[in-house]
């Protein structure tokens, strides 16, 4: 039930803030913020109550929806979903804060969409019914489409369409697979159901399993994104408003990773083994290719976008190396990447608000003017190049040490990716904050609101880097959870 | 050669039908196109008649009645429309009526 | 007293300075920065005493669980044994002195507190590095010092050149670090732990001598060490690192960080002993580096670059020693080197400040009169670097290495000759610099003399770099083995194969002579016949050679051509992301289809009829034809 | 004709009677309002007449008609859609035409024709229904004489429709000539007896297919659709898009069932090819089309292709899918046309994509409705269209028609492009360009209708169960 409440707070908040906007813009901002904070508080309480949730299902809710097809409103939460939800609500709140001054047109509708996306994401992280999963999966698209398409930068419509079409294409393939699985299960068990736990361990021929697995995989690879399905991402990230980029990088990409961990591997263990090397290869290619592209960019947001391609490559690598270390690493990476890249986008956004350009060739020497922003940027740049003591290191180290057991050569190349990461990350600092200051205007440094946002991010990334144990406890492998009861 | 009457009749109907079809294609004048369609309809009617005579049932004839009625109605409406069109285009050339395309 | 405070205090003060930003005034900053180091130095001393009392028994302390996943555990755990105590003492004491010096040196820099924040951060990271109980934590310190070195080299960020140098340093060391990372992965794969002692014990049981696995691991570790310690082939970053403020060069690029590689190898010496190949590699690399760098130092014009190359070359000595299995000798040289190199750098810094940030030696000269204090300390430092017999610390440490390079089990004549050649070179470049700076006629006027805050640390270091030698005297004179004995619990004593006083005498004599010879040649070159020398140097072949050496044997150019440019080129040609072309192409195709189809909607009635008829014909023919097929 | 025949034909009789009476009404006194009210009443009565008809199902009136749940369901569907279209029509014609009354007459007639189609089980009734429908459509399409495009569309439709019914008739004749039957079951049985399928019959089916295909507007008989949609008055376009196609589809299903069509693989293949062709042609044509009426025409072509996929699956889920999809599709397209209607001014229809620039910021409510409709056409969740498409894909997967399904997926992706293109246009910030010159009428009735439709759309999208159960048990009867 609590899970439904989490969802309804968001949906209700969405409507309320839309309505509230007609009365006062500020009110609608506060409503949105309030809703997210409420959810955050709830989820944190749950976390505190279940510190080592990894191994069992904390909450479940189940109600029939379309019995004719055996579709039910079935939500369950385990460690993985818990962590993802914490991330979701945290970044969501920050997203509201960061658009406080940036967004001034149609504020109500903006927050409606923002919270609606978050609701969709929450649903994706919670649902245990494949139809419902697909439902939420699609439901996130439209509001995100609007976020990019209405409040984005110059080239927003192109980006929005690209984003929408790519994800939709992937999603439809997944739908085919879901349905095929549904019928195969029905043929075996003579029960028509989309329920995750019933569809687990559905016996089927190898070839079939592989095809179906590909159906799922493509959808998630598009979202992740993995080369060669990544090209929607730079456009979308670049054109989206800051909050949009934060949510895209921090959360939407994670739904792909989550899908792989939650659905692809458990549903098709054999097929996943079969394709593991291919996927890891894709991951490594993503790491290097994304890194090189990032190095070549001049548009700051685009650069950061490509870095996420590179970072999510690690997720792919880890997810398919099938061992505890890598798995945990993947989970931490999902969070750490969400925080660090989100933070970088926020910094890019705050910079854009001040100097109205994203072109790093027109920046330089900003440190003198905005030291606080600079040092924040330094921290997150270091995070993104995997400096020990910051979240990403824990993640990448665990992933690599895990994938080393699976495939040595791929790991070698992935590790070389870290050198590339150093190259592009330091390039950011050099071009933006170091060098001589060429602009004439005097820039204001972070104001209180932005400081609040950035500092909270810094704290989280540091905690994640120096004391990730709570997260690791919560995210222990979720596959042995066969003994499962609806509460 | 002596062909089974039904076959012959159907063949005749078929030939009529095709003739009508061809003239629809080659004619540009809308009225003639309408007439050619009428020919095709009547060919179909003929086919019905032949068939019903073959089976010795009345259905075919009844159908033919309907076809006649419908053809009449069609022509009447059609001519009205053609008149309208003529008022606007000042021509009966069907190719001129191509304001909508793409 | 809790030894965890040793690194904790500098971190704390770094945080304070960072948050304090410009709100804290300079005096407060200096007090916090230096005070914190003084404090941790004190604690370090106490800890050292404790260790001594338990005659070398290590102090262990676990602070908290860092990560613990499915059998793998890495904690924030520290371990203070004889070896790390040595490093800790050097780092804290020298660090403290340098900080004091820096308060004067950086006095009128607008980013005063940022500077000291980074310095403290560095010290903290370095301490973590040497105190770490597991390799992951060590890696944290390892990368941490890399970060600080990056921050401090690029401290004067306004000049892009500094930024470039900083990036170069970071990236080049990162290359080494990846090698080290592989070593970690391999170690975990084989031993199932990254706890240093655990790894060493497991390794000892796991592998026979020369087992390929352990060789691989050792080589990879060596790769990491090479990167940090600026040895061949990754030495190129250190000379450029001189772009940083001089105290930084003294602290990071002379005294402490660059010796991290030495520490790593000494720390994991068990593995190296198991892998003779790797050990040989270490020795060879060390030998080659010390010669190559020495030659480069010979032709530099920038005083700091001379010192930089000399640092590279001295670390080469340490590697040579490590390669020969003379562990304690390497560490001993590290200690003395830390003292006299810090001394040299800082006195050079004093000169530079005095000459208004002039670093070109050929624009200096005649400072003997103008800066007597600096002259003396510089002389002591140079003497120690050139290893003048009997009075200098450098002599004892280096001499030990030279002798062991010959006599030790892992040693050999080749190494010995290399080491001697190095001694000659050292003498030459050191005193070439010395004469150029302090003799001849003054070319730039001194505009302000270094104050007490600069000089006192120099005096202390001068003393140290004289007396530090006496803790370890060779058999031939006195035979004091305090130092190696102190290290015994951690580092095994060196096996000397050719135990002969006579030979040792010769070796010492030769090395002493060679260093004098070097000095003599420098004297001829600079003082006696500068004219003839200049003519000699103008010979085209020589000019080319000089240029090549000055550029550090053109390693940079080679790397540029081989790695950097291809990478940049590749990324540039693909900056628009070719993969995207596939999708745009697809979109194009769809549009083309649209246009084609749109043509069919001509709006002409007969055309439509034609469509219907064609369709009819098609369907009919297909159906009927198929019918006859069957 | 017995009493229960009478009752079960209630809706049909009511409506045809209404047609006659309304003709008299017009003859007595021209009054738009009265005629309008009367026809509303007629539709309502016809709908209520369904209830008694339900008592007797399944009920055949040999040889021509059969009233079973399927036909009643579709009758209801047709009546409701007709009713909604009627609601939308009033203002539209009030503003545009001085002689509006005959419109209602024709609309009633056309609806009657469609209703005859859905209950027919015999060539003759099929033909009758079809022609009543077509001939009244000629009138309707060309109704706005003031506009030249209108009667151009009329002419085109007339000629082509006549042509296609000639094909249909000839096909019927051939089938009849061979089997000696004109009622579907008879034909089916006759074919069962002969076992194999002779040339003439096959040719007959082919020619009938042409007739049917024309009405459904599937490739290659689709070319009339865009022109007619563009030329016809908007409500009429809505009528063509929904009722006439729906009626024809129902007959097709029934006929196919009775002659056991899915036993003839060749027929299956031809239909499959047509389906794929329709999807691609429709979507490609719509891709960069600027005129929304034409876009809707093309998209309807594509949607017929989707429906054919379900049709070809030959499993019961397929038929359910078709019925559900039809419902969704009816709601959606009427809704879309409804938006066009309320947004159109008396001088000019709001038909180019450009007319909708920044509409969301000026008429948010209508824009939201339109967005919902377009998303439903694209098959995005929360809308009926999504469930419908899901249903179809389900049927396809159930029948393992992977190739067709991939085609469907590809096409949904292509289709997405032009739907969201319109949406994007509506959500453009007005400052990015001059808003449209059109002053929309935004009649109250229209808005209410749209509200109703949107409610239906979302309702079916969020809780489709009731509708599904209805369809499912209805399908049990005919399969």
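As written, the chains take the letters A, B, C and D, and residue 1 is the first residue of each chain.
We adopt the following convention: contacts are C-beta pairs under 8 Å (C-beta built on N, C-alpha and C of every residue); 3 or more make two chains touch, one makes a residue touch a chain.
Each chain and its UniProt protein: B = NADH-quinone oxidoreductase subunit K.
The structure presented is a predicted model; accordingly, all values stated were derived computationally and were not measured.
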item: Chains touching both chain A and chain B; value: C, D
item: Which of A-D and B-D has more C-beta pairs touching across its chains; value: B-D
item: Chain nearest the overall C-alpha centroid of the shown protein atoms; value: A
item: Relative to chain D, chain with the most remote C-alpha centre; value: C
item: Chain A-chain D separation of Cα centroids, rounded to whole Å; value: 43
item: Inter-chain centre distance, chain B versus chain D - centres from mean C-alpha coordinates, in Å; value: 26
item: Centroid spacing, where centroids are CA-atom means, of chain A and chain C in whole angstrom; value: 38
item: Centre distance in Å when chain C and chain D are each reduced to the mean of their C-alpha atoms; value: 79
item: Set of chain C residues in contact with two or more other chains; value: 598, 601, 603, 605, 609
item: Residue numbers of chain B (touch at least two other chains); value: 24, 30, 33, 94, 97, 99-102
item: Junction residues of chain A - those touching two or more other chains; value: none
item: Chain pairs in mutual contact under the definition given at the outset; value: A-C, A-D, B-C, B-D, C-D
item: Chain C-touching residues of chain B, taken from the complex the two chains share; value: 21, 24-25, 28, 30, 33, 94-95, 97-102
item: Contact set on chain B toward chain D in their complex; value: 6, 10, 13, 17, 20, 24, 30, 33-34, 37-38, 40-41, 43-45, 47-48, 50-52, 54-55, 57, 59-60, 62-63, 66-67, 70, 73-74, 77-78, 81-82, 84-85, 88-89, 94, 97, 99-102
item: Contact set on chain A toward chain D in their complex; value: 65-69, 105-106, 131, 134-135, 138-139, 141-142, 145-146, 149-150, 157, 160-161, 164-165, 168-169, 172-173, 175-176, 179-180, 182-183
item: Chain A-facing residues of chain C, complex; value: 18, 21, 64-70, 72, 76, 114, 136, 139-140, 142-144, 147, 150-151, 154, 157-160, 163-164, 166-167, 170-171, 174-175, 178, 181-182, 184-186, 188-189, 567-568, 570-572, 574-575, 577, 579-580, 582-583
item: Contact footprint of chain B on chain D as seen in their complex; value: 123-124, 127-128, 131, 135, 138-139, 142, 145, 148-149, 151-156, 158-159, 162-163, 165-166, 169-170, 172-174, 176-177, 180, 182, 200, 226-227, 230-231, 289, 291, 294
